[in-house]
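Look for subunit A in each of the two complexes below; its partner is subunit B in the first and subunit C in the second.
Take a look at the complex of A and B:
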(Lines of atoms letter the chains of each structure in order from A and count residues from 1; the text may use other names and numbers.)
(Lines give C-alpha, C1' and ligand atoms only; values in the text may rest on other atoms or scores of the structure.)
Protein backbone atom coordinates (compact mmCIF):
# COMPACT_ATOMS: atom_id res chain seq x y z
CA UNK A 1 0.00 0.00 0.00
CA UNK A 2 1.10 3.59 -0.53
CA UNK A 3 0.53 6.32 2.03
CA UNK A 4 0.33 10.08 1.63
CA UNK A 5 3.39 12.07 2.69
CA UNK A 6 1.44 13.42 5.69
CA UNK A 7 0.57 9.89 6.89
CA UNK A 8 4.20 8.80 6.50
CA UNK A 9 5.39 11.90 8.41
CA UNK A 10 3.01 11.04 11.26
CA UNK A 11 3.83 7.29 11.28
CA UNK A 12 7.61 7.82 11.36
CA UNK A 13 7.33 10.61 13.97
CA UNK A 14 5.17 8.34 16.15
CA UNK A 15 7.78 5.55 15.89
CA UNK A 16 10.60 7.92 16.93
CA UNK A 17 10.05 7.21 20.64
CA UNK A 18 10.99 4.05 22.60
CA UNK A 19 7.78 3.98 24.70
CA UNK A 20 5.59 4.32 21.62
CA UNK A 21 7.57 1.59 19.84
CA UNK A 22 7.11 -0.69 22.89
CA UNK A 23 3.36 -0.01 22.77
CA UNK A 24 3.27 -0.91 19.05
CA UNK A 25 5.22 -4.13 19.79
CA UNK A 26 2.79 -5.04 22.56
CA UNK A 27 -0.24 -4.41 20.31
CA UNK A 28 1.33 -6.49 17.51
CA UNK A 29 0.79 -9.43 19.91
CA UNK A 30 -2.88 -8.52 20.50
CA UNK A 31 -5.26 -5.76 21.60
CA UNK A 32 -4.71 -4.31 25.08
CA UNK A 33 -6.30 -1.80 27.46
CA UNK A 34 -4.51 1.39 28.57
CA UNK A 35 -3.92 -0.24 31.97
CA UNK A 36 -2.30 -3.30 30.39
CA UNK A 37 -0.14 -1.07 28.18
CA UNK A 38 0.96 1.09 31.14
CA UNK A 39 1.95 -1.91 33.32
CA UNK A 40 5.51 -2.55 32.02
CA UNK A 41 6.42 1.15 32.12
CA UNK A 42 7.30 3.31 35.08
CA UNK A 43 4.81 5.84 33.80
CA UNK A 44 1.49 7.32 34.92
CA UNK A 45 -1.74 6.56 33.03
CA UNK A 46 -1.87 10.20 31.76
CA UNK A 47 1.73 9.76 30.55
CA UNK A 48 0.79 6.64 28.59
CA UNK A 49 -2.39 8.33 27.35
CA UNK A 50 -0.31 11.12 25.76
CA UNK A 51 1.70 8.54 23.81
CA UNK A 52 -1.50 6.75 22.81
CA UNK A 53 -2.93 10.01 21.46
CA UNK A 54 0.18 10.50 19.28
CA UNK A 55 -0.11 6.91 18.02
CA UNK A 56 -3.87 7.34 17.39
CA UNK A 57 -3.39 10.59 15.44
CA UNK A 58 -0.67 8.91 13.36
CA UNK A 59 -3.12 6.14 12.37
CA UNK A 60 -0.89 3.42 13.87
CA UNK A 61 -3.47 2.49 16.52
CA UNK A 62 -7.20 2.84 17.05
CA UNK A 63 -9.36 2.73 20.15
CA UNK A 64 -12.93 1.54 20.37
CA UNK A 65 -15.12 4.40 21.60
CA UNK A 66 -18.03 2.35 22.86
CA UNK A 67 -16.33 -0.36 24.90
CA UNK A 68 -16.01 0.04 28.67
CA UNK A 69 -12.25 -0.65 28.66
CA UNK A 70 -11.52 0.90 25.25
CA UNK A 71 -8.92 -1.66 24.13
CA UNK A 72 -6.21 -0.37 21.81
CA UNK A 73 -5.71 -2.02 18.43
CA UNK A 74 -2.75 -1.92 16.06
CA UNK A 75 -3.68 -0.59 12.61
CA UNK A 76 -1.35 -2.76 10.61
CA UNK A 77 -1.93 -0.90 7.32
CA UNK A 78 -0.16 2.17 8.73
CA UNK A 79 2.77 0.00 9.83
CA UNK A 80 2.82 -1.54 6.34
CA UNK A 81 2.95 1.90 4.74
CA UNK A 82 6.11 2.77 6.69
CA UNK A 83 7.55 -0.69 6.02
CA UNK A 84 6.86 -0.37 2.27
CA UNK A 85 8.49 3.04 2.07
CA UNK A 86 11.74 1.82 3.64
CA UNK A 87 11.59 -1.50 1.73
CA UNK A 88 11.16 0.27 -1.63
CA UNK A 89 14.22 2.42 -0.99
CA UNK A 90 16.20 -0.58 0.26
CA UNK A 91 15.33 -2.32 -3.04
CA UNK A 92 16.58 0.71 -5.03
CA UNK A 93 19.90 0.39 -3.19
CA UNK A 94 20.13 -3.35 -3.95
CA UNK A 95 19.27 -2.79 -7.63
CA UNK A 96 22.37 -0.60 -8.04
CA UNK A 97 24.58 -3.46 -6.95
CA UNK A 98 22.63 -6.05 -8.93
CA UNK A 99 23.20 -3.91 -12.05
CA UNK A 100 26.89 -3.58 -11.23
CA UNK A 101 27.16 -7.36 -10.72
CA UNK A 102 25.42 -7.99 -14.06
CA UNK A 103 27.73 -5.53 -15.79
CA UNK A 104 30.83 -7.18 -14.32
CA UNK A 105 29.53 -10.65 -15.27
CA UNK A 106 28.91 -9.38 -18.83
CA UNK A 107 32.45 -8.00 -19.05
CA UNK A 108 33.90 -11.33 -17.92
CA UNK A 109 31.84 -13.41 -20.41
CA UNK A 110 33.73 -14.41 -23.61
CA UNK A 111 32.17 -12.97 -26.79
CA UNK A 112 30.17 -15.73 -28.53
CA UNK A 113 28.95 -15.44 -32.16
CA UNK A 114 26.04 -17.80 -31.32
CA UNK A 115 24.89 -15.76 -28.32
CA UNK A 116 21.32 -14.42 -28.18
CA UNK A 117 20.64 -10.92 -29.54
CA UNK A 118 20.35 -8.01 -27.14
CA UNK A 119 16.68 -8.26 -26.20
CA UNK A 120 16.41 -4.71 -24.91
CA UNK A 121 17.55 -3.26 -28.24
CA UNK A 122 15.26 -5.56 -30.22
CA UNK A 123 12.16 -4.83 -28.12
CA UNK A 124 11.28 -1.72 -30.16
CA UNK A 125 11.76 -3.24 -33.61
CA UNK B 1 20.97 -5.97 12.53
CA UNK B 2 19.72 -4.47 15.77
CA UNK B 3 20.04 -0.82 16.66
CA UNK B 4 20.02 0.92 20.02
CA UNK B 5 16.83 2.70 20.99
CA UNK B 6 18.61 6.06 20.53
CA UNK B 7 19.64 5.20 16.97
CA UNK B 8 16.10 4.04 16.16
CA UNK B 9 14.66 7.28 17.65
CA UNK B 10 17.00 9.31 15.43
CA UNK B 11 16.40 7.23 12.28
CA UNK B 12 12.59 7.37 12.55
CA UNK B 13 12.63 11.08 13.45
CA UNK B 14 14.85 11.78 10.43
CA UNK B 15 12.42 9.89 8.16
CA UNK B 16 9.43 11.90 9.48
CA UNK B 17 9.90 14.63 6.87
CA UNK B 18 9.09 14.48 3.12
CA UNK B 19 12.22 16.39 2.00
CA UNK B 20 14.49 14.14 4.05
CA UNK B 21 12.72 11.05 2.69
CA UNK B 22 13.22 12.36 -0.87
CA UNK B 23 16.94 12.85 -0.12
CA UNK B 24 17.19 9.26 1.18
CA UNK B 25 15.41 8.00 -1.98
CA UNK B 26 17.83 9.95 -4.19
CA UNK B 27 20.87 8.60 -2.31
CA UNK B 28 19.52 5.03 -2.56
CA UNK B 29 20.17 5.46 -6.32
CA UNK B 30 23.75 6.68 -5.75
CA UNK B 31 25.93 9.25 -3.99
CA UNK B 32 25.17 12.91 -4.72
CA UNK B 33 26.53 16.34 -3.88
CA UNK B 34 24.52 18.91 -1.91
CA UNK B 35 23.94 20.84 -5.14
CA UNK B 36 22.54 17.75 -6.88
CA UNK B 37 20.32 17.00 -3.88
CA UNK B 38 19.00 20.58 -3.72
CA UNK B 39 18.12 20.69 -7.46
CA UNK B 40 14.64 19.05 -7.39
CA UNK B 41 13.49 21.11 -4.39
CA UNK B 42 12.39 24.72 -4.24
CA UNK B 43 14.79 25.19 -1.36
CA UNK B 44 17.98 27.14 -0.65
CA UNK B 45 21.29 25.33 -0.13
CA UNK B 46 21.26 26.28 3.60
CA UNK B 47 17.73 24.80 3.82
CA UNK B 48 18.91 21.52 2.31
CA UNK B 49 22.03 21.59 4.52
CA UNK B 50 19.84 21.67 7.64
CA UNK B 51 18.05 18.51 6.50
CA UNK B 52 21.39 16.87 5.66
CA UNK B 53 22.66 17.63 9.17
CA UNK B 54 19.60 15.89 10.68
CA UNK B 55 20.15 12.88 8.38
CA UNK B 56 23.88 12.83 9.20
CA UNK B 57 23.29 12.95 12.97
CA UNK B 58 20.74 10.11 12.63
CA UNK B 59 23.36 7.92 10.95
CA UNK B 60 21.26 7.56 7.78
CA UNK B 61 23.78 9.41 5.63
CA UNK B 62 27.48 10.25 5.74
CA UNK B 63 29.55 12.92 4.00
CA UNK B 64 33.17 12.64 3.01
CA UNK B 65 35.18 15.33 4.81
CA UNK B 66 38.15 15.42 2.46
CA UNK B 67 36.53 15.58 -0.95
CA UNK B 68 36.06 18.91 -2.68
CA UNK B 69 32.37 18.36 -3.38
CA UNK B 70 31.66 16.28 -0.22
CA UNK B 71 29.24 13.83 -1.83
CA UNK B 72 26.54 12.43 0.44
CA UNK B 73 26.26 8.68 0.88
CA UNK B 74 23.36 6.57 2.19
CA UNK B 75 24.33 4.47 5.22
CA UNK B 76 22.18 1.48 4.42
CA UNK B 77 22.75 -0.22 7.80
CA UNK B 78 20.77 2.54 9.53
CA UNK B 79 17.94 2.09 7.03
CA UNK B 80 18.09 -1.67 7.66
CA UNK B 81 17.82 -1.12 11.41
CA UNK B 82 14.55 0.79 10.95
CA UNK B 83 13.32 -1.76 8.39
CA UNK B 84 14.11 -4.65 10.74
CA UNK B 85 12.29 -3.06 13.66
CA UNK B 86 9.08 -2.60 11.66
CA UNK B 87 9.48 -6.01 9.95
CA UNK B 88 9.90 -7.83 13.28
CA UNK B 89 6.71 -6.29 14.62
CA UNK B 90 4.89 -7.00 11.37
CA UNK B 91 5.93 -10.65 11.75
CA UNK B 92 4.60 -10.73 15.34
CA UNK B 93 1.24 -9.58 13.97
CA UNK B 94 1.26 -12.25 11.25
CA UNK B 95 2.20 -14.98 13.75
CA UNK B 96 -0.99 -14.32 15.72
CA UNK B 97 -3.08 -15.07 12.65
CA UNK B 98 -0.90 -18.03 11.63
CA UNK B 99 -1.49 -19.52 15.10
CA UNK B 100 -5.22 -18.87 14.80
CA UNK B 101 -5.28 -20.49 11.34
CA UNK B 102 -3.38 -23.54 12.67
CA UNK B 103 -5.80 -23.80 15.60
CA UNK B 104 -8.83 -23.63 13.32
CA UNK B 105 -7.31 -26.21 10.95
CA UNK B 106 -6.63 -28.48 13.94
CA UNK B 107 -10.23 -28.14 15.11
CA UNK B 108 -11.52 -29.04 11.63
CA UNK B 109 -9.27 -32.12 11.25
CA UNK B 110 -10.98 -35.46 12.02
CA UNK B 111 -9.34 -37.33 14.93
CA UNK B 112 -7.16 -40.10 13.47
CA UNK B 113 -5.62 -42.91 15.59
CA UNK B 114 -2.79 -43.26 13.01
CA UNK B 115 -1.90 -39.54 13.03
CA UNK B 116 1.67 -38.45 13.89
CA UNK B 117 2.50 -37.57 17.52
CA UNK B 118 2.63 -33.92 18.57
CA UNK B 119 6.23 -33.05 17.63
CA UNK B 120 6.42 -29.99 19.85
CA UNK B 121 5.54 -32.02 22.96
CA UNK B 122 8.00 -34.78 22.01
CA UNK B 123 10.91 -32.39 21.37
CA UNK B 124 11.90 -32.33 25.06
CA UNK B 125 11.72 -36.09 25.64
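Take a look at the complex of A and C:
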Protein backbone atom coordinates (compact mmCIF):
# COMPACT_ATOMS: atom_id res chain seq x y z
CA UNK A 1 0.00 0.00 0.00
CA UNK A 2 1.34 3.41 -0.87
CA UNK A 3 0.16 6.31 1.17
CA UNK A 4 -0.27 9.69 -0.41
CA UNK A 5 1.76 12.53 1.08
CA UNK A 6 -1.45 14.25 2.12
CA UNK A 7 -2.67 11.18 3.95
CA UNK A 8 0.68 10.81 5.67
CA UNK A 9 0.63 14.42 6.83
CA UNK A 10 -2.87 13.92 8.20
CA UNK A 11 -1.80 10.79 10.06
CA UNK A 12 1.24 12.47 11.63
CA UNK A 13 -0.75 15.56 12.51
CA UNK A 14 -3.43 13.41 14.15
CA UNK A 15 -0.78 11.53 16.13
CA UNK A 16 0.95 14.71 17.26
CA UNK A 17 -1.60 15.04 20.07
CA UNK A 18 -1.00 12.96 23.25
CA UNK A 19 -4.71 12.30 23.85
CA UNK A 20 -5.16 11.00 20.32
CA UNK A 21 -2.09 8.81 20.68
CA UNK A 22 -3.56 7.33 23.85
CA UNK A 23 -6.83 6.68 21.99
CA UNK A 24 -4.95 4.90 19.20
CA UNK A 25 -3.03 2.85 21.78
CA UNK A 26 -6.28 1.83 23.41
CA UNK A 27 -7.82 0.87 20.06
CA UNK A 28 -4.77 -1.22 19.21
CA UNK A 29 -6.05 -3.59 21.91
CA UNK A 30 -9.56 -3.75 20.45
CA UNK A 31 -12.58 -1.72 19.34
CA UNK A 32 -14.15 0.61 21.90
CA UNK A 33 -17.11 2.97 22.20
CA UNK A 34 -16.78 6.71 22.82
CA UNK A 35 -17.79 6.16 26.46
CA UNK A 36 -15.11 3.54 26.97
CA UNK A 37 -12.51 5.74 25.34
CA UNK A 38 -13.46 8.76 27.47
CA UNK A 39 -13.14 6.84 30.73
CA UNK A 40 -9.40 7.14 31.40
CA UNK A 41 -9.37 10.83 30.47
CA UNK A 42 -10.54 13.80 32.44
CA UNK A 43 -12.49 14.91 29.41
CA UNK A 44 -16.10 15.37 28.34
CA UNK A 45 -17.70 13.17 25.69
CA UNK A 46 -17.84 16.09 23.23
CA UNK A 47 -14.13 16.67 23.89
CA UNK A 48 -13.32 13.04 23.08
CA UNK A 49 -15.62 13.16 20.06
CA UNK A 50 -13.62 16.05 18.68
CA UNK A 51 -10.43 14.00 18.86
CA UNK A 52 -12.19 11.03 17.28
CA UNK A 53 -13.28 13.20 14.35
CA UNK A 54 -9.67 14.23 13.72
CA UNK A 55 -8.55 10.60 13.86
CA UNK A 56 -11.41 9.58 11.57
CA UNK A 57 -10.55 12.26 9.00
CA UNK A 58 -6.91 11.12 9.02
CA UNK A 59 -8.07 7.61 8.16
CA UNK A 60 -6.45 6.14 11.28
CA UNK A 61 -9.76 5.04 12.76
CA UNK A 62 -13.20 4.22 11.43
CA UNK A 63 -16.60 4.04 13.15
CA UNK A 64 -19.39 1.68 12.32
CA UNK A 65 -22.56 3.42 11.19
CA UNK A 66 -24.94 0.58 11.95
CA UNK A 67 -24.20 -0.33 15.56
CA UNK A 68 -26.00 1.54 18.36
CA UNK A 69 -22.85 2.68 20.18
CA UNK A 70 -20.79 3.06 17.02
CA UNK A 71 -17.59 1.44 18.26
CA UNK A 72 -14.31 2.92 17.03
CA UNK A 73 -11.94 0.71 15.10
CA UNK A 74 -8.22 1.22 14.49
CA UNK A 75 -7.30 1.08 10.81
CA UNK A 76 -4.04 -0.78 11.21
CA UNK A 77 -3.09 -0.35 7.53
CA UNK A 78 -3.23 3.43 7.84
CA UNK A 79 -1.07 3.40 10.96
CA UNK A 80 1.30 0.97 9.27
CA UNK A 81 1.57 3.43 6.40
CA UNK A 82 2.82 6.10 8.77
CA UNK A 83 5.21 3.66 10.44
CA UNK A 84 6.42 2.41 7.05
CA UNK A 85 7.51 5.90 6.18
CA UNK A 86 9.80 5.95 9.19
CA UNK A 87 11.11 2.46 8.43
CA UNK A 88 11.74 3.31 4.79
CA UNK A 89 13.69 6.36 5.81
CA UNK A 90 15.81 4.33 8.19
CA UNK A 91 16.51 1.72 5.49
CA UNK A 92 17.53 4.46 3.06
CA UNK A 93 20.32 5.65 5.36
CA UNK A 94 21.33 2.11 6.30
CA UNK A 95 21.76 1.16 2.66
CA UNK A 96 23.58 4.39 1.81
CA UNK A 97 25.95 3.84 4.70
CA UNK A 98 26.63 0.26 3.57
CA UNK A 99 27.68 1.62 0.18
CA UNK A 100 29.71 4.45 1.73
CA UNK A 101 31.49 1.91 3.91
CA UNK A 102 32.42 -0.11 0.82
CA UNK A 103 33.54 3.04 -1.02
CA UNK A 104 35.77 4.12 1.88
CA UNK A 105 37.28 0.64 2.09
CA UNK A 106 38.05 0.80 -1.66
CA UNK A 107 39.64 4.22 -1.37
CA UNK A 108 41.82 3.17 1.53
CA UNK A 109 42.88 -0.24 0.23
CA UNK A 110 46.70 -0.29 0.23
CA UNK A 111 48.33 -0.51 -3.19
CA UNK A 112 49.48 -4.09 -3.70
CA UNK A 113 53.23 -4.65 -4.35
CA UNK A 114 52.43 -6.16 -7.76
CA UNK A 115 50.02 -3.40 -8.70
CA UNK A 116 50.80 -0.12 -10.43
CA UNK A 117 53.16 2.18 -8.51
CA UNK A 118 51.53 4.70 -6.25
CA UNK A 119 51.46 8.06 -7.97
CA UNK A 120 52.92 10.09 -5.13
CA UNK A 121 52.51 13.42 -6.89
CA UNK A 122 48.72 13.11 -6.50
CA UNK A 123 49.04 13.46 -2.76
CA UNK A 124 50.04 17.10 -3.28
CA UNK A 125 47.10 18.07 -5.46
CA UNK B 1 15.62 -1.79 14.64
CA UNK B 2 19.40 -1.84 14.77
CA UNK B 3 21.53 -0.69 17.66
CA UNK B 4 22.48 2.44 15.76
CA UNK B 5 19.00 3.83 15.70
CA UNK B 6 17.30 5.75 18.36
CA UNK B 7 14.28 7.93 18.60
CA UNK B 8 15.50 10.11 21.39
CA UNK B 9 13.60 13.32 21.05
CA UNK B 10 9.95 14.10 20.42
CA UNK B 11 9.97 15.01 16.75
CA UNK B 12 13.32 13.71 15.61
CA UNK B 13 14.86 10.70 13.97
CA UNK B 14 18.51 9.84 14.41
CA UNK B 15 20.75 7.33 12.69
CA UNK B 16 24.46 6.86 13.13
CA UNK B 17 27.24 4.74 11.72
CA UNK B 18 30.94 4.46 12.51
CA UNK B 19 33.35 4.35 9.57
CA UNK B 20 37.00 3.30 9.54
CA UNK B 21 38.22 6.44 7.81
CA UNK B 22 39.45 9.90 8.78
CA UNK B 23 36.82 12.56 9.37
CA UNK B 24 38.04 14.81 6.51
CA UNK B 25 37.63 11.98 4.01
CA UNK B 26 34.16 11.00 5.20
CA UNK B 27 33.09 14.63 5.05
CA UNK B 28 34.44 14.99 1.49
CA UNK B 29 32.42 11.94 0.46
CA UNK B 30 29.23 13.71 1.49
CA UNK B 31 29.84 16.84 -0.61
CA UNK B 32 31.78 15.52 -3.62
CA UNK B 33 29.55 14.32 -6.50
CA UNK B 34 32.31 11.94 -7.64
CA UNK B 35 31.92 10.15 -4.31
CA UNK B 36 28.20 10.70 -3.77
CA UNK B 37 27.35 8.93 -7.01
CA UNK B 38 28.74 5.70 -5.50
CA UNK B 39 26.58 5.61 -2.39
CA UNK B 40 23.77 8.17 -2.43
CA UNK B 41 21.23 5.78 -3.91
CA UNK B 42 20.13 3.01 -1.53
CA UNK B 43 20.23 -0.68 -2.55
CA UNK B 44 19.00 -1.15 -6.13
CA UNK B 45 18.98 2.59 -6.80
CA UNK B 46 21.61 4.66 -8.65
CA UNK B 47 22.51 8.31 -8.30
CA UNK B 48 24.00 9.33 -11.69
CA UNK B 49 27.04 11.57 -11.36
CA UNK B 50 25.88 14.06 -14.02
CA UNK B 51 22.65 14.71 -12.15
CA UNK B 52 24.17 15.59 -8.81
CA UNK B 53 24.61 19.26 -7.98
CA UNK B 54 26.43 20.28 -4.83
CA UNK B 55 27.03 23.88 -3.88
CA UNK B 56 28.19 23.31 -0.33
CA UNK B 57 27.70 26.68 1.34
CA UNK B 58 24.76 28.22 3.18
CA UNK B 59 22.01 28.91 0.63
CA UNK B 60 23.65 26.62 -1.95
CA UNK B 61 21.69 23.79 -3.56
CA UNK B 62 22.10 20.06 -3.11
CA UNK B 63 20.28 18.26 -5.89
CA UNK B 64 20.23 14.60 -6.74
CA UNK B 65 18.16 12.28 -8.90
CA UNK B 66 17.89 8.71 -7.74
CA UNK B 67 17.07 6.18 -10.44
CA UNK B 68 15.55 2.81 -9.69
CA UNK B 69 17.74 0.19 -11.42
CA UNK B 70 14.83 -2.17 -12.01
CA UNK B 71 12.21 0.06 -13.62
CA UNK B 72 14.01 3.35 -14.29
CA UNK B 73 11.67 5.43 -12.16
CA UNK B 74 13.28 8.65 -10.98
CA UNK B 75 13.21 10.43 -7.64
CA UNK B 76 14.57 13.97 -7.92
CA UNK B 77 15.34 15.65 -4.62
CA UNK B 78 16.26 19.25 -4.07
CA UNK B 79 17.63 20.64 -0.85
CA UNK B 80 19.26 23.88 0.24
CA UNK B 81 22.21 23.94 2.63
CA UNK B 82 21.58 25.77 5.89
CA UNK B 83 25.02 25.26 7.39
CA UNK B 84 28.34 23.91 6.15
CA UNK B 85 31.27 23.53 8.59
CA UNK B 86 33.98 21.38 7.07
CA UNK B 87 34.78 18.78 8.33
CA UNK B 88 32.31 18.59 11.18
CA UNK B 89 28.79 19.51 10.12
CA UNK B 90 26.39 19.68 7.18
CA UNK B 91 22.79 20.81 7.45
CA UNK B 92 20.21 21.12 4.69
CA UNK B 93 16.46 21.43 4.26
CA UNK B 94 14.64 19.42 1.62
CA UNK B 95 12.53 21.78 -0.44
CA UNK B 96 9.51 19.58 -1.11
CA UNK B 97 9.03 17.99 2.31
CA UNK B 98 10.52 20.64 4.58
CA UNK B 99 12.56 17.87 6.16
CA UNK B 100 15.61 19.23 7.98
CA UNK B 101 18.63 16.95 7.84
CA UNK B 102 21.75 17.58 9.92
CA UNK B 103 24.85 15.43 9.52
CA UNK B 104 27.55 15.54 12.17
CA UNK B 105 31.00 14.05 11.66
CA UNK B 106 32.63 13.08 14.93
CA UNK B 107 36.29 12.00 15.00
CA UNK B 108 36.61 8.97 17.27
CA UNK B 109 40.28 8.56 16.32
CA UNK B 110 42.58 9.44 13.42
CA UNK B 111 40.98 6.72 11.27
CA UNK B 112 37.59 6.41 12.84
CA UNK B 113 34.59 8.66 12.28
CA UNK B 114 31.05 8.54 13.52
CA UNK B 115 28.46 10.02 11.19
CA UNK B 116 25.29 11.11 12.92
CA UNK B 117 22.22 11.85 10.86
CA UNK B 118 19.55 13.85 12.59
CA UNK B 119 16.25 14.44 10.82
CA UNK B 120 13.38 16.65 11.79
CA UNK B 121 10.17 15.94 9.98
CA UNK B 122 8.24 19.16 9.90
CA UNK B 123 5.30 19.14 7.50
CA UNK B 124 3.00 22.14 7.65
CA UNK B 125 0.50 20.40 9.87
CA UNK B 126 3.07 19.76 12.56
CA UNK B 127 3.95 23.41 12.96
CA UNK B 128 0.64 23.99 14.75
CA UNK B 129 0.98 24.71 18.49
CA UNK B 130 -0.95 21.57 19.37
CA UNK B 131 1.59 19.52 17.50
CA UNK B 132 4.51 20.09 19.86
CA UNK B 133 4.19 16.78 21.64
CA UNK B 134 6.39 13.94 20.59
CA UNK B 135 4.91 11.79 17.92
CA UNK B 136 7.79 9.64 16.81
CA UNK B 137 8.50 8.31 20.27
CA UNK B 138 4.90 7.25 20.41
CA UNK B 139 5.03 5.72 16.95
CA UNK B 140 8.02 3.70 18.02
CA UNK B 141 5.98 2.27 20.86
CA UNK B 142 3.09 1.58 18.50
CA UNK B 143 5.28 -0.77 16.53
CA UNK B 144 5.26 -2.99 19.60
CA UNK B 145 1.50 -2.87 19.81
CA UNK B 146 1.05 -3.61 16.15
CA UNK B 147 3.57 -6.42 16.25
CA UNK B 148 1.27 -8.11 18.71
CA UNK B 149 -1.74 -7.60 16.44
CA UNK B 150 -0.53 -9.13 13.23
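Simple rule for what comes next: the second predicted complex is superposed on the first by the 103 of 125 C-alpha atoms of A that agree within 3 Å, B and C clash if a C-alpha of one lies under 4 Å from a C-alpha of the other, contacts with A are read in each partner's own complex, and residues count from 1 in each chain.
We take it that contacts are C-beta pairs under 8 Å (C-beta built on N, C-alpha and C of every residue); 3 or more make two chains touch, one makes a residue touch a chain.
Source: prediction; values computed, not measured.
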item: Partner chain in contact with A:24 - subunit B first, subunit C second, else both or neither; value: both
item: Which superposed partner A:76 touches (first subunit B, second subunit C, both, neither); value: both
item: Which superposed partner A:108 touches (first subunit B, second subunit C, both, neither); value: second
item: Touched partner set for A:100, first subunit B, second subunit C, both or neither; value: second
item: Subunit B versus subunit C as contact partner of A:16, first or second or both or neither; value: both
item: More subunit A residues in contact [subunit B versus subunit C]; value: C
item: Partner chain in contact with A:45 - subunit B first, subunit C second, else both or neither; value: neither
item: Contact residues of subunit A, present in both the subunit B and the subunit C interface; value: 8-10, 12-13, 15-18, 21, 24-25, 28-29, 76, 79-80, 82-83, 86, 89-90, 92-93, 96
item: Of subunit C, residues touching subunit A in the complex; value: 1-2, 5, 13, 15, 17, 19-21, 25-26, 29, 35, 38-43, 115, 117, 119, 121, 123-126, 128, 130-133, 135-136, 138-139, 141-143, 145-146, 149-150
item: Contact set on subunit A toward subunit C in their complex; value: 8-10, 12-13, 15-18, 21, 24-25, 28-29, 76, 79-80, 82-83, 86, 89-105, 107-108
item: Of subunit B, residues touching subunit A in the complex; value: 5, 8-10, 12-13, 15-18, 21, 24-25, 28-30, 74, 76, 79-80, 82-83, 85-87, 89-90, 92-93, 96
